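First chain A sits with chain B, and in the next complex the same chain sits with chain C.
What follows is the complex of A and B.
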């Protein structure tokens, strides 16, 4: 478990101290959270060392609410690039030295900063604007002069003569409403600019006015292919903070459900990747088998996609009487199917050529961007939260963390396919040994969390999903932040795609396997 | 629409076209002579064809999109009803299934997609978010129902709607299409509702 102690750093020393921490080995910026503490605005950074596994949490704050400015750390960790843009859009904190100070999620003509506590949410201030948004080719950036004064400069993203192609937000290969602008030199991608926010639903702000049990309802809808994981993370964070013990039975059920969800998500990944690359039959195969998991979910949770299963202190309902039998049948069924998948798609010459050696992400970049999950493991970074910070009953089961070193599309694909097998192994070890016990711990009707800040993470389908809660002892959180699994992937796509062909962007996007509502939150 | 000139036909009078008795008599004569004739309303045939080949736009913003894909896949298979050809271009699509939350940033994009579709076109609001804002109704960045920006034909509630619900909703749209008069009105441009007019 991560220590919840936060080290405060004054603004003046912030950049130097962060550089120092980076030199000490804290090379993974887990999450960067914007904060409004009422009298001051600032950021909270969760850092981790990939060599020692040590964690450290630091914060810095500025009291100037009119023109808040903080030094950027995007030159130290690449993950900070998009995260700081997010903080700028939500809190209005300008990062000095950041090359690109546009809003990440909101329109440029948005009035106010929504996650500030004094934000005016009335629809008159921000009506639904039906005018088309202007696309900017240059961005403002703020630099410090030699005499210590702030100077606004213009950073050009796309020059006048560049050949820029727009992909999305409505495009079948972007897996949702994500928008890329790609500058091309012939077929080769020179530069890629990501434009997010088309499905930004303001979940974090909504959570601040909901009670803890109510916030659970929204997490399933973040990354709907990791609904179980998301909710598991939030429940775990609240349980740890409020000191609620959950029974062994619940831990077993949650772990099994998590793994079923992972298989579900990876099957969907397989289907969609194949479809994107033109193999439509494989799409039907994947969906056919995925339906069997949904049946199992439906029997116990009642839902297919949005499951609402985990609750604070347990799960919503006990497992269905035929749950164990069905899961065993499913595993027996899926093994030969997986072999068929490999016969049909993996060993196909065209698939190999389109995936092997395409879209390489190095291990250093993966860590710097914080690209966890299969993307990081394909690059050789052992970033599995189940091994790093075991939760549930992962410390009691035997499984292999699938690691590749190539870092290309094929490695990412193979990591996921092999993870299906590992997930099945985990389930097999647990399914016969679910201990007896209550499926729900009795909790108080109103759950309050002691003052402080808390972070918990799980391994979701596509990386580390973290929940950061800052509580002031009320029945609703003061600030709730979700570490998106997809945002680091999207921030890395510019680096991955540079030098690739435009057609490879589809394979790269397919193997990164991001889910857009999870990026935008 | 301007009236067409009365066409000159040698074998029958113009008025007889609209007279059922004459037509039936003619058909009976032809059948007696060994010719296979079916008499019917052309509109009905067009609508039958149209309602069974509604091509949706590949459009989804969030969770409902996965259920939309599930309906397209093997178990639920909406190809049985003629919806199988999902089109990536709005110019080739008949219906837009608004599957998922529509946010402030997405609203003008969605409207543009709708404007790019060819008439006659239909809108299906899939899921709570598209119907009314759903669980995100109180959010600062979510449109309170897609019917505030587009004319919606069918609402499918649910979060997300089950595949059966999606199929049922699509069949309701088919019913709606079947009673339209393709030659007699729907294909002509209807006056734009106020909320769609440019300000």
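What follows is the complex of A and C.
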């Protein structure tokens, strides 16, 4: 459980204090949230030490709203790189020393900063533009010069003569509308530039005008392969903040559902990776078996992809009468299928060659980028939230945190394949012991959260999914931030893919297994 | 064994009875050309249908099953659709080369296709250096692919074309080596003669170990020649969207598509001719009764059965394996297949010299 206390740091000391914290062992920047404090703008940083497990939350504020400037921490944690660009785009905070101050999600000609409280959302200000946004090969950057003055410089991303190809936004292997610009030398990748925001829906902004129960509807639409996890995290955060107790039955159901969702996601990962690598038959095997999980979900939740299951204080409906039987049947069915997957794909010599030793991400880089989930565990970083900060009933079940040390594509693949087995073990331990009890705790008709800030995290299908709520005691949040599981993965891809071949980029993208609606929230 | 040359000679005599020789030969050429193109198109349809059904079976699906019984008219419907689609002219493309490329590919594959001896007396192009001609003709295809990639003015196409060039030119070497290995055994490069020499025993049995090695190398290299999985990286859809034919639409794309399938058949037909006896029935030396029964099955049935068997093998491979990477493909060729092929050729030479074959 993360303490909700926030240490305020004045802006002048911000960079030095952050560096100091980094030296003290806080090497994992969990989340960096932009904030509109009213009279000033600022950021909230959640830090964690991967050695001691200690947490610290730090906030800072700019001096004024007209010229909001903060020193960058992207030189301390690489995870800050894209997060600070996001904050720049939404709050207009310029990060001094950041090498790349483009907006991450918005068009360059966007007027205003949408997540500021005084933002003018009228359509006249930002009409639907009928012109193409020109992609620039250079980026502004703000640096302090010798006499302490701010100076705008230009960083060149791609030189004029470089052979740059677009991979995405419409491309079969980007798994959605993500766009890479890749500079090639023959088949070898020299540089990679990520362009996000094609399906950004402004969910965080929308949440600010919704009541807490209403915000639940949006989380399923983030990472749709971790719909259960996302909503679990949000419900948990609200429950902890509002002091709502949930019954044991709900905890059991939520845990089982989370694990089913994880299997679902990993099966889809297997299928898509196979398809990306050209093994089209294995793709169908994975989808065939995933269908069975969706049927189980449908029986209980009514939905197959958008599940709308968790609610504040419980779940939407009790489990279906045949749920337990179907889950047991499914697990009995999946075990031999997994062996088939290994026969048809894992042990194939070509698959091995395509994955082994390709796209290595070191443990240090994984932590620095905040690349949690299977990506981090493949690099040897024990980053499983289920073990780090147990929630649900994970402290009562016996399961292994799958760890590899190679950090290559094959390790990432194997982590997920073995996690399917661990998930099945967890479900087996729980499925027969679901205690009796109410599936929904009675809550007040209007849920208000006491003033303060709250953070809760779950282990979603592809890493730590966190929810950060800043409340002013209202029935809707003052600021709600979702820690994306995919954004750190995408920010790391430039480092991982450098020097690899185009075909490797596809394998790397496949094994990182990002989901775009989760990156573009 | 029924000799089809009886029919052709009778027809030739018939035409000569009322036409001058020049006109008669011209008429025969036209008829043969039409027959060839018709067979080419029908074969392509049959192969596409087979591919869809075979891959559906591997993937636990049904495949096309709505248009006609078992969906057999699905492919014809698709061809009709393809024919009616607009051929999109793209800007900044080299117009002439862009439009020419698909025809080069098809012409190359028709030329190679016409070398296949379908039945006894049914060889269309059959001369002393048939093997050479076939290989030369099929190599023209890579020019079409390179032109397509280059003239499209698309970066994906260009990468696809460069990959394809590297891959096809490399693997041509292995194909050549494995065919040469068998030619050593046959003493001839004429396809009709190659088949005739397998009357007692197919070359894959006659040449035993080296022939078997050559057959496997030929299958791998042939698969690579036709740009099919696991060697389909010139058009790797998850990397290059569609590789060299990304910018093609309508029947121009259709020509690439048809040529790919018939090329697969050519590779399979060549394997059948050179290693599996072509139209020659399956004979077991000594069992005269059995051999006589086998002789009742017409030659073209034997040929198509063997060719489609090899096609099935190729499809099996395609729908099972993931795709290789470009450097792995070249490693496989230059570090493994070529040296093995060379040693294998030497081995075959030794066997031929010492008369150790059957």
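Throughout what follows, the second predicted complex is superposed on the first by the 520 of 521 C-alpha atoms of A that agree within 3 Å, B and C clash if a C-alpha of one lies under 4 Å from a C-alpha of the other, contacts with A are read in each partner's own complex, and residues count from 1 in each chain.
What we mean here is this: contacts are C-beta pairs under 8 Å (C-beta built on N, C-alpha and C of every residue); 3 or more make two chains touch, one makes a residue touch a chain.
Just so we're clear, the structure is a prediction, and the values are computed from it rather than from any experiment.
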| item | value |
| --- | --- |
| Superposed partners chain B and chain C on chain A - clash or fit | fit |
| Contacts of A:270 with chain B and chain C, given as first, second, both or neither | neither |
| Which superposed partner A:309 touches (first chain B, second chain C, both, neither) | neither |
| Chain A residues touched - chain C or chain B, whichever exceeds | B |
| Partner chain(s) touched by A:177 [first = chain B, second = chain C, both, neither] | first |
| Touching partner for A:199 - first (chain B), second (chain C), both, neither | first |
| First (chain B), second (chain C), both or neither touched by A:187 | second |
| Touching partner for A:413 - first (chain B), second (chain C), both, neither | neither |
| First (chain B), second (chain C), both or neither touched by A:284 | both |
| Chain B versus chain C as contact partner of A:501, first or second or both or neither | second |
| Partner chain in contact with A:455 - chain B first, chain C second, else both or neither | neither |
| Chain B and chain C, minimum CA distance [Å, superposed model] | 5 |
| Overlap of the chain B and chain C footprints on chain A, listed as residue numbers | 171-172, 283-284, 288 |
| Touch list for chain A against partner chain B, complex | 105-107, 114, 119, 121, 126, 128-133, 169-172, 176-177, 197-203, 205-206, 209, 217-218, 221, 224-225, 268, 271, 283-284, 287-288, 290-291, 294, 304-306, 516-517 |
| Contact set on chain C toward chain A in their complex | 55, 58-61, 155-156, 159, 163, 229-230, 232-233, 236-241, 319-328 |
| In the complex with chain C, residue positions of chain A that touch it | 163, 165, 171-173, 184, 187, 274-285, 288, 344-345, 348, 350-351, 353-354, 501-504, 506 |
| List of chain B residues in touch with chain A within their complex | 58-63, 65-67, 69-70, 73-75, 88, 90, 100-101, 103-109, 111-113, 135-136, 138-143, 148-149, 159-160, 162 |
